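Note that chain A is present in both complexes that follow, paired respectively with chain B and with chain C.
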Partner chain A sequence: MSDLALSPRKPAAPLNGYRIVQSISVFVIALVVISPLFMLFIASLKDDRFQILADMGSFRAFWVDNPTLNNFREVGNFAGELAFGRYLGNSLLILFSTVSLGLIINSMAGFILAWGSLPGRALILSLIIALYVIPQESIIMPLLIIVSRAGLSDTFTAQILPFVASPLYTFLFYQFFAQLPKELYEAASIDGASIFRTWWSIFMPLSLPALATVSILMGIEAWNQYLWPILITQTDYARPISVAIATFFGQDSIFWDRAMAASVLMMIPILVFYLAFQRWFISSFVGSAVKG
Partner chain B sequence: MGNRLLSVFAATTALMALTAAADAKTVVRMMHQGDPGWVALYGKVAERFEAANPDVDIELIYAPHDAYNEKFSSAVMSKQLPDIMELDAPFLANYVWSGYLKPLKSYVDKDLLDDMTASNIAQGTYPIDKELYAIGLTDSSVVLYGNKKYLEKIGARIPKSVDDAWTRAEFEDYLGKLAKVDGVKWPIDTFRGYGIKTEWVTYAYQPILNSFGCDLIDRKTWKAEGALDSKPCVDALTMMQTWVKNGWVVPMSSGTNQFYADGQPAALAWGGHWFYAEAAAKMKDDVVVMPLPKFGDKSASPDGTWIWAITTQSEHPDIAGKFLSFLLKDKDYRDYAVSQSAYPGLKSFAAQSPLYAEGGPMAVAFEQASKVAVPRPPHPAYPTITSAFMQAVDQIFNGEDTQKALTAAAQKIDEDIADNDGYPPFDGN
Partner chain C sequence: MASVSIDNVAKFYGSHQVIHGIDIDIADGEFVTLVGPSGCGKSTLLRMIAGLEEISDGDIRIGDRLVNDVPPKERDIAMVFQNYALYPHMTVAQNMGFALKLKGESRAAIDARVKEAAAVLALEPYLDRLPKQLSGGQRQRVAMGRAIVRSPQVFLFDEPLSNLDAKLRVQMRAEIKDLHQRLGTTTVYVTHDQIEAMTMADRIVVMKSGVVEQIGRPLELYDRPANLFVATFIGSPAMNLIKGRVGSGGFVGEGGVVLPLPARAGASAVTYGVRPEHLTLDESGFRAEVVVVEPTGAETQVLVRCGGQTLVAVLRERVDLNPGDSIGLKPDLTAVHLFGEDGRRLQQE
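Our next item is the complex of A and B:
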């Protein structure tokens, strides 16, 4: 039985002015968020790329007279270097590798910063926080030279390794671990657990909200990578789906129909990923809010 | 025993080395952009070339159009420039000056060189040594598209050739009249929707400056002050600012589809040759193609598109040139270009393009190329020139004082040139 099932249901609050404004606000915000996605989906069902453009900016963008799956079929017959599914596979490989490694590395770092006996912990933590303010774009060229000289151009490794360790996620884990009771760490120490065992067997199972938050944020980041894969890859061998979709935006012509269908396909895995983790993700945010 | 083993090992190693040498192919890498049709086509042409030249492996490097410059910069920084690269013509001078490109006359088939239109030669030539560094199958232009129904309503004269293009007085008179026609929300779309991060503003609006008798930069002294901030240029952009203030121009936020969108709210379109395909697909015979108006004593139109060059990092420029020649003559390549309304840059290709042939709906666009095309300034400072100009135009359209914005742009350009010691030998030293 879920916690929700055990919770007594709150009686509906009486409808007053505040509630009406609140409901309208929620509805408007939801509309703003959902309407571009809905428009994208509708456009993916239109067969005429010029009609998609002609309809943009009017309510016709939200309506399709003769829906068709032709665009999805065209995407399936994608005439790039690789089959479209392969780009999708590349993206999934990059996503899961980055997130899995990222969870381990960042949580380990966060744990040591929170509970380890590392000399100069406070300074290291300050440096990590300071690193967070440096935008990724500003280090992209030096990173490119380092990765190229390491002989990693055109590989999956080049798209995974540089993004595994992150100051933001290390800090998130640090913050989460630091809030857990000191007694947990002390009890594990008394029982003779090594620091690795304490991290893995005691703290990690208690960190589902933090793990979910980092997974989702890191997953979205890895999934949406665009410029870096273009710069670091030469051939299509390891390129993700975002680069494949860019093919539909040519110099003189934009294939909106196929771009829309491909974008819908690109959204599905990340939506599934989000839905899988969203329960803990939300509880993490709620928890953060309560703890202030 | 030890010696025998050593001999066997040596023989095996030598055999493996020989086998590897026999299998080793010459790899020629080509960096390009383009939509899925072009991508597939380059793949097929490469396959055909490899079949005819089994010792060559053509490796294609695709870079999306909107991230092409970043990809190029990263290739330069990581010393991974390909053998062949596609480049946007106005950036050629910068690339040659930086030492990235090789002259290609000795590598490409002579019949192709002889087949180039004057505009195609101009877009691929470096002004200092007058050498040809790039070649293309295609070129480009901008024309004035009109909605036949609206033009008939106001009784507008339809020019048939560059020589009888609308004058400024006629053009502005028609804009005013079109503004009052039922159904017309904006008399003209100048494609502000392309934004200021593409080449559009410089590419499409420079001819207006040229027609007014001025330029982005003085092409003899290579100074922008005295050219871009001169009275004719200020007048030209003040005129455009007035159109915007009058509400005659489709705003940036309304996209690039207002000429043929539902209700056809824009009556005219100052559009690239590629726009014909989408406009004609939606409006059929209601699209009228006209030359760009003549604002001063002469007409002007833009040119230049994505063309092919061989880089200085190529270890096999002869094979790269052979592949380029093969590509430019490939029938499927040309057929696909025709299907995409591509603007001819080779005379033989023009003959294959009914759209641009005499009597064709876009014939006037091709006529512009031979009569009034003005390339963008072939100078290494071009990246700064275009960015400063685009920023100035954006400010002017948003109400900034024209003289002030153009003076600032001219100063920015001249500062860049001064910072680079005049980009010798462009400084005349």
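Our next item is the complex of A and C:
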């Protein structure tokens, strides 16, 4: 993908069967990915929640006759126990705490695995790779018990701490650090740098692509958490926006209009962040995954 | 400045031994070159002096201090790496001042020392540049600057000129030698290039397969190689070696060629060595057929064949020779080297 984005445009090849199939496939995939987002945006501009439901099965889902921002106004004035902005604030707090702590912890672990003299390093690395294949949902119940027993239920800590250390991000950092020349580490140790100083002053500033990749992946993951906050929060105090949106889906009625507007609002920060760093993200992700 | 003493040092990787009990004493202020082919253990030995490799056996002392278990930063050494290992995100000044900053020196002191080193290496115009904005030679100078700002007891160089082109290599060679003469810091320099070793060092350590083959001053090694390996490794073009035995009329080569022997030559010699420049055109010498003539201007290199052996002669005079010509060659008997069955030099006076 990055190659397509960066290389100069090639002259169009003559149309043939293969190219037609290729183009149609790309178009269909793009449609599948974009249409729900487009539908969500259109629905958020419709005033009547029953109309939204009625339109969903037809092409009218992609069209709005009288667009209005009423839903956004209502969302701004309401949601559950707390103001909507507060849930957004909760989400941002969780996002920034998880990402900043995660960058430090995972990069430190990756650095020690790549360059430290750690007994059983190969075994630890294999365990980390093995852990990566275990889905988060499968450990959620034991994790819930641990967090509850630790007295952390209904706190921000419970939503940040379990996601700070990650086998995937530790491995990404490990892979990135391991491909940097050994002499940099050795030069720093001869210059008198401690292992902490070498990590902080030499390897971290050289790891901007890896830092960008991990920030974006971790950020998206933290922003989209839903199951875990629902399980671990009993009150609205520490609830993120993803859970707040669920309050629009009541037992008796579903406020599709507000839910759609809230979803759009929830998407905007992460979408802006992603679009701003898109090219960097794609190239760095490919880079960190392939080189090594 | 300090002396470096390497006493019976060995290195094992698992059960594989790469350094076999090496003893070298480097005097205070001396420039010593470790030279040898790839895989001879010269870089490993340098890294052991630096503290980047553990010592499996033996002792290394810098000055009077045993440094076997001392971490690199406390050995008071500075190292210049083959790929420079400059910190890419730091400017030239920051690269050079990093070690001083870690020592907690004041900003003013760091600036002064960096400027002083930059002046020595003509790096003043580049202090605010990043390494990627510099040429290979400039990067090499920054790497040396990073080493000299610390005023270490010992400089360690690990093939520092390998990444430079031939012209720059010659220039940097002279600069490093000049720097050593001005600073007088004890220097250990690793290279696989025997010309570099010959031109720069006070003493050369020739290594092969983790063993020291010979230690000596450059011309000592050239004039009196201890064995066949040193004889062929030092000198370019390499020494001519002719296998054979000592007969009644001289040294009889395998193809039947008879070469004159110096007086009091050992009878056990099985290899006769003569450097290309010690063969001169002389009709009274042994006969040889010219194969290739390579005039370089200053001298003429002639590849000849005699009795199934191929030899090289370097002639200082201008000669008019053509492939197929039959010429007479005479070895300078004061510069003939004889080697025994075990490949060691036979003493002859």
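Basically, the second predicted complex is superposed on the first by the 249 of 292 C-alpha atoms of A that agree within 3 Å, B and C clash if a C-alpha of one lies under 4 Å from a C-alpha of the other, contacts with A are read in each partner's own complex, and residues count from 1 in each chain.
The rule we apply is simple: a contact is a pair of C-beta atoms (placed from the backbone, for glycine too) under 8 Å apart; a residue touches a chain by one contact, two chains touch by 3 or more.
Keep in mind that this is a model prediction, so the values were computed, not measured.
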Contacts of A:153 with chain B and chain C, given as first, second, both or neither: first
First (chain B), second (chain C), both or neither touched by A:258: first
First (chain B), second (chain C), both or neither touched by A:187: second
Chain B versus chain C as contact partner of A:227, first or second or both or neither: first
Partner chain(s) touched by A:206 [first = chain B, second = chain C, both, neither]: second
Residues on chain C engaged by chain A in the complex (per definition of touch): 50-52, 71-73, 77-79, 81-83, 85-89, 98-99, 102-103, 146, 150
Complex contact set, residues of chain A against chain C: 181, 183-184, 186-193, 197, 201-202, 205-206
Interface residues, chain A side, partner chain B - complex: 50-51, 53-58, 60, 78-81, 141, 144-145, 148, 153, 226-227, 230-232, 234-236, 243, 246-255, 258
Partner chain A, residues of chain B touching it in the complex: 29, 33-40, 43, 59-67, 70-71, 73-74, 77-78, 80, 254-257, 260-262, 272, 274, 277-278, 281-282, 305-306, 340-342
